[in-house]
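In the two complexes that follow, chain A is the common piece, with chain B as its partner first and chain C second.
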Partner chain A sequence: MSLLEFARGPAIHASLIILVAGIFLRLLGVLVLTRGADLSRPRDAFGNFKGYRTVFSRAWPSSEFTTTTIYQTVMAYVFHISTLLVVVAIVPHIEFITSLTGLSWPGLPNFIGVALGTIALASLIALILRRLSNPAVYNSTLGDYVTWIIVALPLLTGLMAFAHVGLRYETMLALHILSAALLFAYMPFSKLMHAFWFIFSRAQSGLAYAHKGVRI
Partner chain B sequence: MSATTATPSVFPSFAEVYQGLAAQIGMLREMAPQPTKSEDRRLKGAIDKLIEETNADEAVWLESCIHCGQCTNACHYFQSMQDAKYAPMRKMDLYRRVYQREISPLRWWYKLISKPVKLKDFEEARELIYDSCTECGRCTMVCPMGIDTASLVHHMRTAMVEAELVPPELAALRMEQLHHGTVFGSSPEALRKMIDTIREKTGVDIPLDKESAEIMVLSSAVDLVANGNGLLATARIMNHIGADWTICSDGFESANFGLLSGDMSLWAKQVEPIVAAAERIKAKTMVIAECGHAYPALRWNPMLRSGDLPFEMMYMSEFLGKQAKAGKLHLTPLDARVTFHDPCKTGRRGGAFDEPRAVLNAMNADVVEMPNNKEYNWCCGGGAGIFLLEDATKLRDESFKIKIREVNETGAEAVVVSCASCRLNFESGRQKNHWDKRVESLVELTAAHLDDAKGADASARGAAR
Partner chain C sequence: MAYEATFGDVLRSQGVSRRAFLKFCSTTASLLALPAGTATAMAEALSETRRPSVIWLSFQECTGCTEALTRSHAPTIENLMFNFISLDYHHTLQAAAGEAAEHAREEAERENAGKYLVLVDGSVPMLEYCSTVAGISNKAMLEDACTNAAAVINIGTCSAYGGIPVAKPNPTQAVPVGHIIKDKPIVNVPGCPPMPLAITGVIAQYLTLGKLPELDHLGRPVAFFGENIHDRCYRRPFYDRGQFAETFDDEGARKGWCLYKLGCKAPVTYNACAHLKWNNGVSFPIQSGHGCLGCSEPGFWDMGGVYESVATGKFGDGTRLGAAALAGAALGAGAAVLARRKKAHVHEEDAG
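Then we have the complex of A and B:
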């Protein structure tokens, strides 16, 4: 079995199983815990419902915080959107998804895919530079850097494979798939789980504050 | 417009109140209890407490932090000290470690990769849990995950009680309230004495222990042992609106050092006699004195099914606002530009925003908001018991400079507060910085602007004549 066959076969399949099982285990393990009850009378009888809007409203920081958050917020949006597009909208990725699920959709032209991948990597670098230059603000842990590397690797190797730089194409492609497999397998054990937690976390706080008649 | 002009000679000014109280606070450290349990039991107690207190809400919040750093600049203590350790996210670190090792679905994994928690870790966390967090919740307003760090810090405080690591000042007052039911010696006798003094010196009557009354008013230790003007102002307002009110000598203390220290059972214990007294006198409304944390201790007490109680609880500023809106408060104009400081516990974490402003509007005051106001208000730095902590002096003083800047930007002559802790901290900051602003309490300012010709007590006097 060649490295590419290993990457395309057992490696990526095993990582996807870990991804799905891990996400399921971690979400369920937390969400089955009991909920603490706040017995106090809410400010408005049906006002608590309004708390759910925090799930959406927290998508952008309030103007009071613009100075300290604008750089990171913009970069994070650029990173998330461009990465998501690269993952689901370039032809080789769609072909891979088709091989797993049978689903298919038209892809973006190659030059746009490359541009998006480059933008994603650049924004990721912009984010780590800020993290490194403001140590007091970020209190970074080893996990923060490991996560950054594991997220950056698939972007870097994907671009290198596409551009035929570095090792020979088949090896680069295998490394790209392996790095994606690493990302998938790492995701449930890391802060990347925020992709799910954010909904619950925002909703909980929104509800707790709406109970008191406060809009957050 | 000073609130004290109405009765200049009876009680000391708040500037003197602050100085007197500061001296008393200094003595608390010597009265603090020493740890009684073994180190192992203290550690186990703290960890067990956190396990017991962790529900899905806390677990999700602990899981959600991505170390994005947004909360850091939202915290007044970080802003003023620029020291990494004061970042709000750091305040959850120890709790998260306990959670990961004991509760998390991945605990088998975390037990492999993280170090066991020691009592020393709790000792090191004390500064973060008490001195440098007023549980003001401003960090939650910016967190992209919406993590409620303040409530996590509160859970840590409950663990610190088990670890016998409550700061000396709070520990001393917790012990006093636990064993004597008083705070700074504010006993029923002290209450009676204060009421007698007020009657003798000012002729203002405070109905104590009426058998039944529509409105039950709470007081606080600050009013009883130091600032008689607070209680006097409350009485003048109640009489002005012609309220059927009373103070119960067996349930009058707003302050709750159970909540402040993290002792949940003392919190509950302190609330019981107050609720019992209100039920006995068939009160319809309970008015909580201007004591910020008393509002969450009573009105937002998660252990108290308040929807089933026969009375409504409201903060002094809410009560005044409702009276103003109902046209029952007849106030003389306040010819000044003022700004209002929302105490964290009644504002961002309490929701009483409109009512205090309604009172100021009823005086036709020129109310200017600070750049960061209401939900986004900067904490004064003195809440959650921190005003009492000597170790937190530098944190308090430095962070108060943010408040000075915010108030100065409004161009106001005076800042109105509605919380004894905020007021003490503002007074401290005002004196230390030779700040040229006046600091007013909402209830005293209101009392000083009562239009005596139009109040219910005036019409009652007219009818009697």
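Then we have the complex of A and C:
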């Protein structure tokens, strides 16, 4: 069995199993653990609605923080959007998703995929540079850096594989798939679960504050 | 002693001009990345070469490799060279049959001990009764023929990597030649079939320079198998622009767009098809509208469906993923319920 066969067969399959099982494990493990209802009378009759509104309103920092957070906010947006587009809109990825789900949609031209991948990697580097230069703000742990590396690897290997640089194409492709497999397996058990948690944590904050009549 | 014709004599008798022969030599020399002066030296050495002893063994194969070399639409220097060298022993082409044929092989092995080349097409079954010639199993014949050989050249993917006979479930327990012969230099010229120029290029270099070409990590001559077909494909710009044929009869197919989505294996295949092309440079599979099968790569028949793209995951349906989702949900919910009970219990104790 070649490295490529291993990568796109057992390795990616096992990682997807871990990903799916892990996501459900984490989601239900926390969501079933609901806290008891707050029995006090809400100060805002529309508290629930305003609480859910927070999911969207917190997508951008309050104006007071614009100056101090604009760098990482913009970079984070650039990173998330370009990464999402690279994941779901370039043809080789669509082919992989189609092979798994049967769903298919038109892809972006590959040169745009390269541009988006490059932008994603550049913004990720911009974000780690801020983290490294502001240790007091981030109070980083080893896990933060491990996560950064695990996110950066698929972008790096994907760009290298596409451009046919570095090792032979089939080896780079195998390394790209293996790095994606590592990301899938790591995702549910790391801070990368924020892909799901952000909805619940924002809503929970919004609900709690709205119940007390705090404007957020 | 009777006069033994040189390769030059053979070419002249077939009406091949010196100009055409020199062209062949310079092409071969440049393909093999040999120094500029080598072409002339190769021409002189080749034309003076007397028939080298070559034993061609055909095992579990389809004769396609021999066909590729001999069925060119016009007599080429490639197939003339092939005719010139292949006379000692070749099941399909030799005039002799039965015991006389086997006798010719044994005689060639004895008379040219240490000097002859063994060319093999076809894989070798480890269930030895699956393929025999004159009552001799392929494995035994290979071992016997290689004992005093100078080198082994595997012609085609079957002898180089096992090819189609090795494809699952491999009912004959076939193996490539390299699994059996360990003590001789081996050159793999894979392909299903291999390119005629790659075969003759290797032989020409051996005849003129007395050495085998530089090989890659899969034992293939770098000169012919060092380039990725996708990199050399004339349809590559369509790949970069995102213009793909979705079916074999859509507009994209008619316009000659990239065949990646139709299962083309060019991105993971190394061969000279895209630049040397077939039938005297007329065309190659992608140019004729079909994706590359990856036939010069090990295990190409089990690399997934012919029409599945390179990016396809190879693990069947999503049943196990569904089961994983259910298992994860059950475990998560179970853990949360247990945690709640424990919490309630602690509360009761505190209250009590």
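What we mean here is this: the second predicted complex is superposed on the first by the 211 of 216 C-alpha atoms of A that agree within 3 Å, B and C clash if a C-alpha of one lies under 4 Å from a C-alpha of the other, contacts with A are read in each partner's own complex, and residues count from 1 in each chain.
Simple rule for what comes next: contacts are C-beta pairs under 8 Å (C-beta built on N, C-alpha and C of every residue); 3 or more make two chains touch, one makes a residue touch a chain.
Worth saying up front: this structure is predicted, and the values here are computed from it rather than measured.
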{"item": "Fit or clash - chain C, chain B, common chain A", "value": "fit"}
{"item": "Which of chain B and chain C A:12 touches, first, second, both or neither", "value": "second"}
{"item": "Touching partner for A:62 - first (chain B), second (chain C), both, neither", "value": "first"}
{"item": "Chain B versus chain C as contact partner of A:170, first or second or both or neither", "value": "second"}
{"item": "Which superposed partner A:29 touches (first chain B, second chain C, both, neither)", "value": "both"}
{"item": "Broader residue contact with chain A after superposition on the shared chain, chain B or chain C", "value": "B"}
{"item": "Contacts of A:50 with chain B and chain C, given as first, second, both or neither", "value": "neither"}
{"item": "Touching partner for A:110 - first (chain B), second (chain C), both, neither", "value": "second"}
{"item": "Contacts of A:91 with chain B and chain C, given as first, second, both or neither", "value": "second"}
{"item": "Partner chain in contact with A:200 - chain B first, chain C second, else both or neither", "value": "first"}
{"item": "Closest Cα approach, chain C to chain B, once both complexes are overlaid on chain A (Å)", "value": "5"}
{"item": "Shared chain A surface residues [contacts with chain B and with chain C]", "value": "25-26, 28-33"}
{"item": "Chain A contact footprint on chain C (complex, rising order)", "value": "228, 230-231, 239-242, 244, 260-261, 267-268, 298-299, 303, 308-315, 318, 320-321, 324-329, 331-333, 335-337, 339-340"}
{"item": "Interfacial residue positions of chain A with respect to chain B in the complex", "value": "25-26, 28-43, 54, 58, 61-62, 64-65, 68-69, 72, 76, 131, 134-141, 144, 189, 191, 193-194, 197-198, 200-206, 208-209, 212-216"}
{"item": "Sites on chain B touched by chain A in the complex", "value": "53-61, 63-70, 72-74, 78, 82-84, 87, 89-90, 103-106, 109, 140-148, 151, 299-307, 348-351, 371-372, 375-376"}
{"item": "Touching residues (chain side chain A, partner chain C) in the complex", "value": "2, 4-5, 8-10, 12-13, 16-18, 20-33, 91-93, 95-96, 99-101, 107-112, 164, 168-170, 173"}
